[in-house]
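One chain, subunit A, links the two complexes that follow: it is found with subunit B in the first and with subunit C in the second.
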Partner chain A sequence: MARTRTPGRGGRTGSPLTPYLFLAPYLALFVAFVAFPAVYGLWISLHDWDYMMSSQRFLGLQNYTDLLDPASVVFRDFWNGMGNTLLFTVVSVPFLLVLPLLLALLLQQKFPGRTFFRAMFFAPYVLGVAVIGLMWRYLLDGNFGLVNAYLGTDISWTTSQPWAWVSLVGVTVWWTLGFNAVIFLAGLGDIPTEHYEAAALDGAGWWASFVHVTLPGLRPVMIFVVVITVLASANMFGQSYLITQGGPSQSTQTAIMVITDLGLSRYQMGAAAAQSYLLALFLAVVSIANFWLMRDKDAAEQAKALRAQRRRGGGADGHTPGSSDPQVPATPASLGTVR
Partner chain B sequence: MRRAARNPLLWVVLTLLSVVFVGPIAAMLLTSLKPTAEAQSADPGLLPGEITFRAYEVLFTSADNPVLRWFLNSMLAATAHALLVVLTASLAGYALARMDFPGKNLMFGVIISTMFVPGFIFLMPNFLTLDRLGWLDTLAAIVVPGAAGAFGVFFMRQFFLSLPKEFEESARIDGAGPFTTFFRIMLPNATPALVTLLVLSFLANWNDFIWPLYVLFNDARLTLPIGLSKLQGAYTIDYPVIMAGAVIASLPVLLLYVFVQRYVIDGVATSGVKG
Partner chain C sequence: MTQPTRSPFSRRSFLSLAAAGGMTASLAACGGSSPRDSADQAVATGDGGAGGYDGPQVDLAFWNGFTGGDGPTMKALVDTFNSEHANIAVTMTTMQWADYYSRLPSAVTSGNGPDIGIMHVDSVATNAARNVIQPLDDVAAALELAESDFAAVPWQAGIYDGQRFAIPLDVHPLGFYYNKDVMEQAGLDPEAPPTDHDSYMAALEDLKAAGIEGHWASPFPFTGGLTLQALIYQFGGSLFNEDGTQVTWGEAPAVEALTWWVDLAKNGYSPANVDQDADYVALKNGTTAFNWNGIWQINDLKQTDISWGVAPLPDIGGSGGVWAGSHQFVLPRQRNADADKAQASRVFVSWISEQSQAWAEAGQVPARNSARETPEFEALTEQATLAEQLDDLRFIPTVPGITDCMAEFDRALNEAVLSGAEPEAILADTASRAQAILDENASRYSG
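The block that comes next holds the complex of A and B.
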């Protein structure tokens, strides 16, 4: 295979500037709306910033210290929002991992119509939060909602606790379960059949092969799903905004609702920016912890496999995990490094 | 591949689940065709006893709620956004996949790492940027900032990595420059990836809620999701009208989904596995 790399210079690949010309349109957007605001936001958070005013008073870290001071005006709302967001995340994430995985295991089997069923389960996800919010606001209506009519209950799903949380978690699971299931399904498809055959030869039953083949094989995909599901749950906004309006008595007001209300409705942007960075810091810690917890074992296992391979005088397939062939698309194993 | 399942229980379970997943969507559609009194009776059935298009008439003739205008705004914004993403992401993804230049790995690393940065930290600073650009309350506010997301670049780079090098080699022999090669040879060969990215970007923009909620103000400028949330306030006691609004917002994406379902699902699957 002659896969010679032509350097940017010389030849007819164009000038050394060519790659930058290709990148320029995207980079302009990236700098303006991602890189610059990431820093600018920090700057804003150090001020008493109201964009309606002509000058912004510098406060130093006061917007941050206010968040830790129970006597400040922002304290109660912020931590109420953080607590609610934490509650929602802790309750919804397990459902959004276990149920999609079970569904993926069902759909992984070969049977006529599996594409059709996959499409059915994914359907809610293509609808926007505005649509599903309004739809469920009606279905969950305490007086004439279909949910009460079908269950034969008389529950105020959106205006009393714990039912408001049950509703929000339920709607979110219904809405996004198909998304995670599709990712799990792709991950299941990438587990080599030989691993299952080897397990079967060893006399492993369904449960044993699930625990010893499926789960370890899914680990990289699982890391990805855990991280994005936690991030998505912590970002919850529209469901609460539309279905419970943050109620009853602010008990379902999420952190993002608190931040946007403060920063974009009341224009106290400095304080709101500080809150958004503190929340982002929490999420970064959680994400890194997730990667670290799940990646550690992965690396250990890879090292073990490598050692075993070396003992066998391996590398027979010519594809060691370390090979840096640029033609090979990132596989699940490289997830940890690509991120 | 597993053996073909012969267990009828599997079908029963999957069919029941399908009802759970699609039933609410059907209920939304059916409710929009009911008279208000029927939808809001103590014991509403699923099927309308009497079919009426009154809810749609109310919506399309309401002066306060220009639903048709919202629909057009959303259509324009989502289309422009999707085209912008596909163009900028394929150019950048191609350079990152197939060209060598100093700083490439660092640049790719920085861009990709932002996929895990929560979007809400950009709300305040980007609002101020739009204010300075004079873009608040315009469609540009909906079209442009979201196109800076890293997913498209990542997605297109992965696809271009999978194409054989021979494409460029034969183009070079024919004397084609890098831009001719890209637009005449690489892009046409990337059609499946381009369609997937186009559809995913369209869906994301059509459904976007939090950003347009805060950067659009005038009734005539709103996108459909934001207009709908306003409807909820205006027709609190008329569910068929609100459901009709939700149906109007769902139809384009559901139709798109029916026709390009495979692209959507494959795109999502790829994001995880190759992520």
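The block that comes next holds the complex of A and C.
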């Protein structure tokens, strides 16, 4: 229909309120549980806030300036937590991208038992963090654990570095590998086989078709997986909490652990809220950087040229030739953002 | 297992509380009838429950964290109470202590709090200051409770700002557990466990000669933190001064205590890195001989087939001193005052606090002196043995927010044992940070 090319009021029928009516149920939940708390949290972060106390002392930006003041009580724990979070993210994300991708490539092959293996690799993700955390705490026990027994080693997996990080990254990869692999599998299935045939006709080998067909074809999926994985790793909580308890010497205490402790067991909700906003700011910047780094540069160039052309009054039919369709698979935002 | 208060939060409780906290905070901010207004608390008939309850049928909610062997005992007590009181039905809900402490304030704020609760002694002041629980002077008066009936500290700990907020139920001290089979392997007399520094070191040396690391030095609050606290008292020190305004674990006795603890590994009496709970597992599976652990392990050890014993803590430092905690009854504040429920709750607390013997069988020392002096209690050999330490029991001062400092204490222990930090330096560092937290809390809770 021609109408699809001319968006705007003219194309709509029925009451103008209809779309908002359809949006209303979600909007109500969003406002009640996301938008309002987010704004209200900002207000909390300006106070010495304890909801059980009869009055909340207004501090202005004190909670934020404390985070930048090395002499304050919160400074050390917070930045230690931020540093640990950064370390975990930088170390875990490459594994959480490369291994699931390789796994997806393997599981895409046609071989007997393929469905079984797909299910097996996804299985750990079904378990809650409490289950895998407790299980691995026992398995990794440095004194009586099965891991040491099987390997014949005497390593303190949870009470010495760098083994504590090796354990946490290893457990996280084992646990969430399947989720990323399934997303990659879906993305691989969307790449038209004609592209591979064309590449083969041009004499491309396995590696060439991987680099020039598979990776570009996965771009939209990749953006999604990178952003989600970075956020999930930056929000790591349960594994540290259960397996290493933040130790040894608070070296695996993540930012979320610091914030939780301050806000919910020391009841300093204002200071904890300020820390949350600073963490959120960092994550927002990182996510935007991810999108920007992974944008389709060719398509962006073409779109830019096209806009320039339009401004000059050139003929434009709204179609951008040659650009890949930047469809991101519809995935519920709630999946996997907090581990 | 009855574990004291400090363990932090599960992710689940974090999420639910974050949601609940956000909502309830806004409700409390605009609602005039929030439970913090002490005047609107129903004060029952004023007899503190002594006169019983003859009103209409009421349902009471009783929350606690007795998830271990003590849970079924408390449940049995509740059932007995229910069968003896036709018009009162108490429903007991048990959850992890950490969940309990995080859930209770938001439940109280939203008007869904229980009628009766249990708290550890070091949490009472914080919760009184935060308006989570209500004064109980009338109950203490009705039960004719007096300081002389109780171990002094758990009794005084219930008082905040001139009012009583908690009725002591029990005390749970640390004890010295030993594996008799392992002692025999090293040629030690299992019926004569060491009692002081010299005999303890001699025993460890004999065990070492037999190829056994005799006392595993845990870097975790359980049991390392509890043991280190006891050691500090034994070396003549303390964690805080008496009124809870100064952190004192940076001083010489604490340095001696931590050094002794760290040296266990250096001298070959302990592995270098002990995992969470591995020290206790090692005692149970015959890998080590000694473990200082809470009285709550008695029932757990009774279920094993090892040959074990328990004795008062050996006095390593010479000044005596034993870590202890205490469970206390509290009545959370109610959003909607209900005189019937208030009266029935007091009847329940009064009744249960007189059933100390049944509770002692769950592996606790009754807080009431009279309950400890009965033949029935004496028959509980292990509990009675640990009750001998009563005069040496030490508790941290009960000022609001004092438990916030303990994360720093745990860090000192962890860094000294696992990362080789110098005891003196790490104790000084953590003590100065804890002092800052203490000062901050003093101004928060006084305002």
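Quick note on the criterion: the second predicted complex is superposed on the first by the 269 of 339 C-alpha atoms of A that agree within 3 Å, B and C clash if a C-alpha of one lies under 4 Å from a C-alpha of the other, contacts with A are read in each partner's own complex, and residues count from 1 in each chain.
FYI, contacts are C-beta pairs under 8 Å (C-beta built on N, C-alpha and C of every residue); 3 or more make two chains touch, one makes a residue touch a chain.
Source: prediction; values computed, not measured.
In the superposition on chain A, contact is made by A:Lys110 with subunit B only, not with subunit C. Looking at the shared chain after the overlay, A:Gly142 reaches subunit C, while subunit B stays out of its contact range. In the superposition on chain A, A:Arg57 makes contact with subunit C only, while subunit B stays out of contact range.
Using the contact criterion defined above for the overlaid structures, shared-chain residue A:Phe33 touches subunit B and also reaches subunit C.
By the touch criterion defined above, A:Pro25 lies against subunit B but remains apart from subunit C after alignment on the C-alpha atoms of chain A.
Judged by the touch definition given at the top, the superposed model places A:Pro216 against neither subunit B nor subunit C.
In the overlay built on the shared chain, the residue A:Leu264 is in contact with subunit B and with subunit C. Applying the stated contact rule after C-alpha superposition, one finds that A:Gly170 touches neither subunit B nor subunit C. For subunit A, the partner that touches more of its residues is B, with subunit B and subunit C as the two candidates. In the superposition on chain A, contact of A:Thr158 is made with subunit C only, not with subunit B.
Comparing the two interfaces of subunit A, the one with subunit B and the one with subunit C have residues 33, 37, 40-41, 44, 49, 51, 129-130, 137, 141, 143-144, 237-238, 241, 260, 264-265, 269, 338 in common.
The touching residues of subunit A, when paired with subunit C in their complex, are 33, 37, 40-41, 44, 48-54, 57, 73, 76, 129-130, 137, 141-145, 156, 158-160, 237-238, 241, 245, 247-250, 257, 260-261, 264-267, 269, 338. Put simply, subunit A touches subunit B in their complex at residues 3, 5-8, 11-14, 16, 18-20, 22-23, 25-27, 29-30, 32-38, 40-41, 44, 49, 51, 103, 106, 108-111, 115, 117-124, 126-131, 133-139, 141, 143-144, 146, 149, 174, 178-179, 182-183, 185-187, 190, 193, 221, 224-225, 227, 231, 234-235, 237-238, 241-242, 256, 259-260, 263-265, 269, 272-273, 276-277, 279-280, 283, 287, 326-332, 335, 338-339. Taken in their complex, subunit C has these residues touching subunit A: 6, 8-14, 17-19, 21-22, 24-26, 28-29, 36, 101-102, 105-106, 108-109, 130-132, 219-220, 271-276, 278, 281-282, 285, 401, 404, 407, 411, 414-415, 418-419, 421, 433, 436-437, 440, 444, 447. Of all residues in subunit B, those touching subunit A in their complex are 1-5, 10-11, 13-14, 17-18, 20-22, 24-25, 27-28, 31, 39-44, 46, 87-89, 91-92, 94-97, 99-101, 104, 107, 110-129, 131, 144-145, 147-150, 153, 158, 161-162, 165, 172, 175-179, 182, 203, 206-210, 213-214, 224-226, 228-229, 231-232, 239, 242-243, 245-246, 249-250, 253-254, 256-257, 261-262, 264-265, 268-275.
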